[in-house]
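Scrolling down, you'll hit the structures one after another.
Next come two complexes built around subunit A: one with subunit B, the other with subunit C.
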Partner chain A sequence: MGTFKTPEKLEEVLVGFFKHMGDTPLIADKLLKSGLIIRFNYTDPDLVVVVDCSGDKIDVRPHDTDTKAIVEMSMSADIAHRFWFGMVNLTKALTRKEMVAKGPIPKVLKLLPAIKPSYSMYPQYLEANGYGEYNITKAYTPPSA
Partner chain B sequence: MLPEFFEFYNPTKVVYEDGVATDLKPELDIIGITKYFIVSDHIINDLGLVQKVADGLAEAGFEVTGKYLDVAQDARLNDVQTCADQVKASGAEGIISIGGGSVIDTAKAVNILFSEGGDLVDDYSGAHTLTRPLKPHVVIPTTAGTGSEVTMIAVIYDEENKEKLAFPDKFLLPNLAVLDPQMTITLPPKMTAATGMDALTHAIEAYVGTQASPISDAFAMGAVELIFKNLVTATQNGEDVEARGGMLIASTMAGIAFTHSMCGCIHGMAHATGGLYRVPHGVANGIFLPFGMEYNFEEIKEKLVRLLPAMGEDASGLSEDEAARLAIAAVRKLSKQLNDLDALPIRLRDVGVPEEGLEAIAEGALNDGTSFYNPRDMDEEELLPYIKNAY
Partner chain C sequence: MGGYTGQILYVDLSSGRIEKKPLDMEFARKHIGGLGFGTRIYLEQIKDNPVFDALSEANPFVLMTGPLTGLKLNGVARWAVCSKSPLTGYWGDSNVGGFFGAHLKFAGYDGIVITGKAASPSYLFIHDETVEIRNAEKYWGQDIYTVTDQLKADLKPETQKAGQVLAIGPAGEKCIRFASLINNKGHAAGRTGMGAVWGSKMLKAVFVCGTGKIEVAQPEKLDELKAELKEVYEESIGISAIHAAGTAAHMDVGIISGDIPIKNWQMTEWDDIDDIGPTEIEEKIFAGHKTCYGCGVACKKNAEVKDGPFKMEKGPGPEYETIATFGTMCLNSSIESIAKANDICNRYGMDTITCGSTIAFAIECFENGLITEKETDGIALTWGDSAAIVKMVEKIAKQEGFGAILGQGSAKAAEHIGGNAADFLTTVKGLEAPMHDPRGAHGFGLAYAISPRGACHEASLTFEAEGGMIYIPEIPELSADLPEGSDERAQLNVVAQDYGMFFSNCAIFCNLGGMPLNATQALNLVNFATGFDYTLDEVLEIGRRVWYLKRGLTNLFGARAKDDRLPKRLMTPMTEGPTEGSVPDMDKMLAEFYALRRLDEEGIPTKQVLEDIGLPDLAALLNSA
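Then we have the complex of A and B:
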């Protein structure tokens, strides 16, 4: 069993974060410039999310399996979770097929510098939205005796 | 400090010998097929290099089922499909590519379609999409720079959409890389210098990069040493077999290094400059190399010091900063020697880049995928002064 116990919880946390990124001009402007449509296929638990950067604002659509995506990224929900903390070595993840990327790789790589600020935003977002239990960067506090 | 994780994978057999490209029977017997299709370009063909290899193959009892000589300066998507159709129709069992990076990358992509069928963009765009080994691919490089004979990537230009498509996949690694200095003897001085600086950039960026490992370091350092020993001689005297051989081996070692540890901002700036102003990749890398090293200085100085012996420099009595700056000075000295031979421009203004285009280069470098692997976090405003210095 992964970090997220249900698809609903995964959707609540990650889709919420994608929308938060979409509302952050520092990131959203560069994503929109890319014009990409990215489908994330998550497993354990299963969830499909499309992040559509082809319009004038970022459109995040869970359960969209119909739109023809330019890039498809498939990974476990746990890898996705760690990725947004900046804790995933992309080269390692791709070569070990922990992440499978289909589509124009240079375009994906170009997005990486743009989303770098999100690594510090993710733990803040989790804390601010009542998902602190998922913040793996939080210092470990031993249970009181 | 050791990296948290690294992977090293290089199944490509490498053979080196003066003249070995015409005497491949022992290596090809091990591969076990007899019918090969040759992929090359008209320049290489006109130099007689394709015929030389074909004669050697015929003498050893191998059949050349056909030749595709129309590979353009940039590996083109249209070439890939046309060539793959010809390979299939010829009854070939494997491919031999003879040329520089474009020819080799074209052949890698052709081999995907030849082995698996389908559509290159629709079916194989992405990272590591292949699931099994392709048909045999033998590479005979005719330049000493790209290292494509040992890299797991093919870069193909899509003319219709005006974009470069990258296909990184470990199954693209060729079966055999044939390093024969006779195949680079005719490379003109300017091409020798530019491709050699490309190899040096691969080696240095791989050595200081965020994905470096002790194994890639060993290949990178070996490449640096060979380049410092041989590049000027190979440029000055193209018929010097020892220098040509040294550069071929260096290019291959640098290729092994950077296919594992990636490249950084120097390639980013070179990609942007090539895209905007058509400056050849090796020339752009040669111009930007010392400036990129300066941009990354604080993050890479410790490793630069370790490169000094490979550059033929002595750091005795110097502080870490002084010794690291000596490494950058050594690169500048090498560039200057090539510049004095009229073989390598060392300023952007000398290759047709307009001063008002420098900001676009900084923006392009920042948006390049390589920026993700640069040792220093990239910032457009911080990078721009270094690009201006390169002007």
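Then we have the complex of A and C:
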């Protein structure tokens, strides 16, 4: 059993975080510039989420299996959770196929600088939204401190 | 026989004697190629007189290809050079791609051994069976780009077919201690100053033009494997990434884990880093893809700066290590200036890692008042001053004023500057550390410390294994999911050395272009090309022997346990960022490593272990030294 016990909880936490990123101009502006439509396929528990950056705002759509995505990213929910803390060795995860990316890799790479600020946002988001039990950052300091 | 051409060229520049010696196939089987041949031949050359200066004529220089060099396969265009390093005084070697190795084999030679010193500037002309030492007076003083174009143009009427040039620039001629050898203007044997060895021998270039072909032992099996590997390469994200963005792709990935040294290793995070990342490179300086012979990965990129103070014509662009040394290390966010610094290094023939790191070191000395504009010839060496950085690269290349001090490398410059300058050094055994931070991956720390040539991320496959670029399921240590910290790193280093000596030193796979290969695929490529039936255990033993040879040679040149240490700067924990508070436990890792490798308290392989691995002559030599 992974970190998230049910698909509903995974959806609640991760989809909420994606929407939070979509509402953060520092990240959203760069994602929108990419114009990418990314489908995340999570396992254990299973969840499909589309992050659509092709419009004028970030659209996050759970359970969307119909939209033709430009990039498909597949991984376990635990890897995804650790990734948003900046704790996944991306190179190793891709080499060992713990993360599988399909689509135009150069465009995926261009997203990395865009999402970099999200690593510090994720623990703050978890704490601020009542998901503190999922915060695995040891040195987390609440924003108000 | 397949893979090999069957001949090694011996050239003595003092006497002018040229010999073509047949490659003994028992020797080939036992040493595979590349530095497997190189270390053994080098030892034979020096064993009667192992005490000499790296810039004296007594220092031999060996260039060797591998059994796969010159085949139309991904990631096998490489070849290797070795000699005593003028920068460190210890063992020196360098591994390089491009086209020279392939063409040397087309001409019929697996390698070249160069001894002695020419009386006047010379170049070696190789056109199939014709091998001559020729006068290079007219080329002496020319930069790499000029001599490459000029030699090709001058010799085309004679050879009919275009040749390949391996040359030194003015830096090598002046024996700058980190001078490089460069093929095709951008494929550099950069580390440890092999260009200065050529300069001391008055050897400007080797021109080679070959019309032959390389036969392989089992062509049908090789073709089948090539077809199988096509899919492996297509599926590899790492290959896709370096094809798209070159090694600069690591700017985006490495910053996440704190791998990229910033401000002379004092920071791991920097707001301006995206200004010199792949996206900006593509927008501002990218001028097309480049590759090495027969390789479809094409990880090299051309660059061009069309106007402004750093204007440069289209040429080989900066790779990751160069972007980091002249960029993040110096807090320099001008990618155009980094391209220009790289261009100067390529033209004059200098190693960009040592050059950029030495400038970052000098900036810190300047910041701390150890040097002033009086010493730096009026240049204010401050963090992020792109123009000053480029100017200092030029001064080093020309050996002007303070540039002549920095041209000795940072370790010797620190001795000259004095005070606490040594605190700012990032060297191990006198070689500046590459751009990967061991505070984030402790195995790198051990790899840097015990590398025979000094701080180096390619002296084994530790960087690739711990960093996650390779996955070798046949070897447990190279497929394990290691815990964070320093545990299990000694064993990782031992195995990464053994396999790495086989993979990237003897068979000479490219650590980038060969990264998707598992051990079975790599082994089969060698076996189908050569016709040998190597097993994994056998090549690991060969790799182990090569590692002990390199270690023993560097011990022979004076390296001891006290030199197996990381500098203070790399052992200072960061107070924030991804590697916060983390430093490698060097005492633990070194103790474990010494025990596993059976090194004595001085860091020298015991007589018994050298005899066990089949190196009794090296044991005797070390015992008598």
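Note that the second predicted complex is superposed on the first by the 137 of 145 C-alpha atoms of A that agree within 3 Å, B and C clash if a C-alpha of one lies under 4 Å from a C-alpha of the other, contacts with A are read in each partner's own complex, and residues count from 1 in each chain.
The rule we apply is simple: a contact is a pair of C-beta atoms (placed from the backbone, for glycine too) under 8 Å apart; a residue touches a chain by one contact, two chains touch by 3 or more.
Computed from a prediction, not measured in an experiment: that's the story for all the values here.
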{"item": "Fit or clash - subunit C, subunit B, common subunit A", "value": "clash"}
{"item": "Which of subunit B and subunit C A:I27 touches, first, second, both or neither", "value": "neither"}
{"item": "Which of subunit B and subunit C A:A69 touches, first, second, both or neither", "value": "neither"}
{"item": "Which of subunit B and subunit C A:G86 touches, first, second, both or neither", "value": "second"}
{"item": "Partner chain in contact with A:T95 - subunit B first, subunit C second, else both or neither", "value": "both"}
{"item": "First, second, both or neither for A:G103, with subunit B first and subunit C second", "value": "first"}
{"item": "Touched partner set for A:Y119, first subunit B, second subunit C, both or neither", "value": "second"}
{"item": "Segment of subunit B that clashes with subunit C, given the candidates 59-67, 77-85 or 347-355", "value": "347-355"}
{"item": "Doubly contacted residues of subunit A, that is, touched by subunit B and again by subunit C", "value": "89-92, 94-96, 101, 105-106, 109-110, 112-113, 116"}
{"item": "Contacting residues of subunit C [partner subunit A, same complex]", "value": "237-238, 240-241, 244-245, 249, 252-253, 255-257, 274, 277-279, 467-471, 515, 578, 580"}
{"item": "Touching residues on subunit A, where the partner in the complex is subunit C", "value": "86, 89-96, 101, 105-106, 109-110, 112-113, 116, 119, 139"}
{"item": "Subunit B residues within the subunit A interface of the complex", "value": "4-5, 7, 125-129, 163-168, 170, 211, 262, 366-372, 377-378"}
{"item": "Complex interface listing, subunit A residues touching subunit B", "value": "72, 89-92, 94-97, 100-106, 108-110, 112-113, 116"}
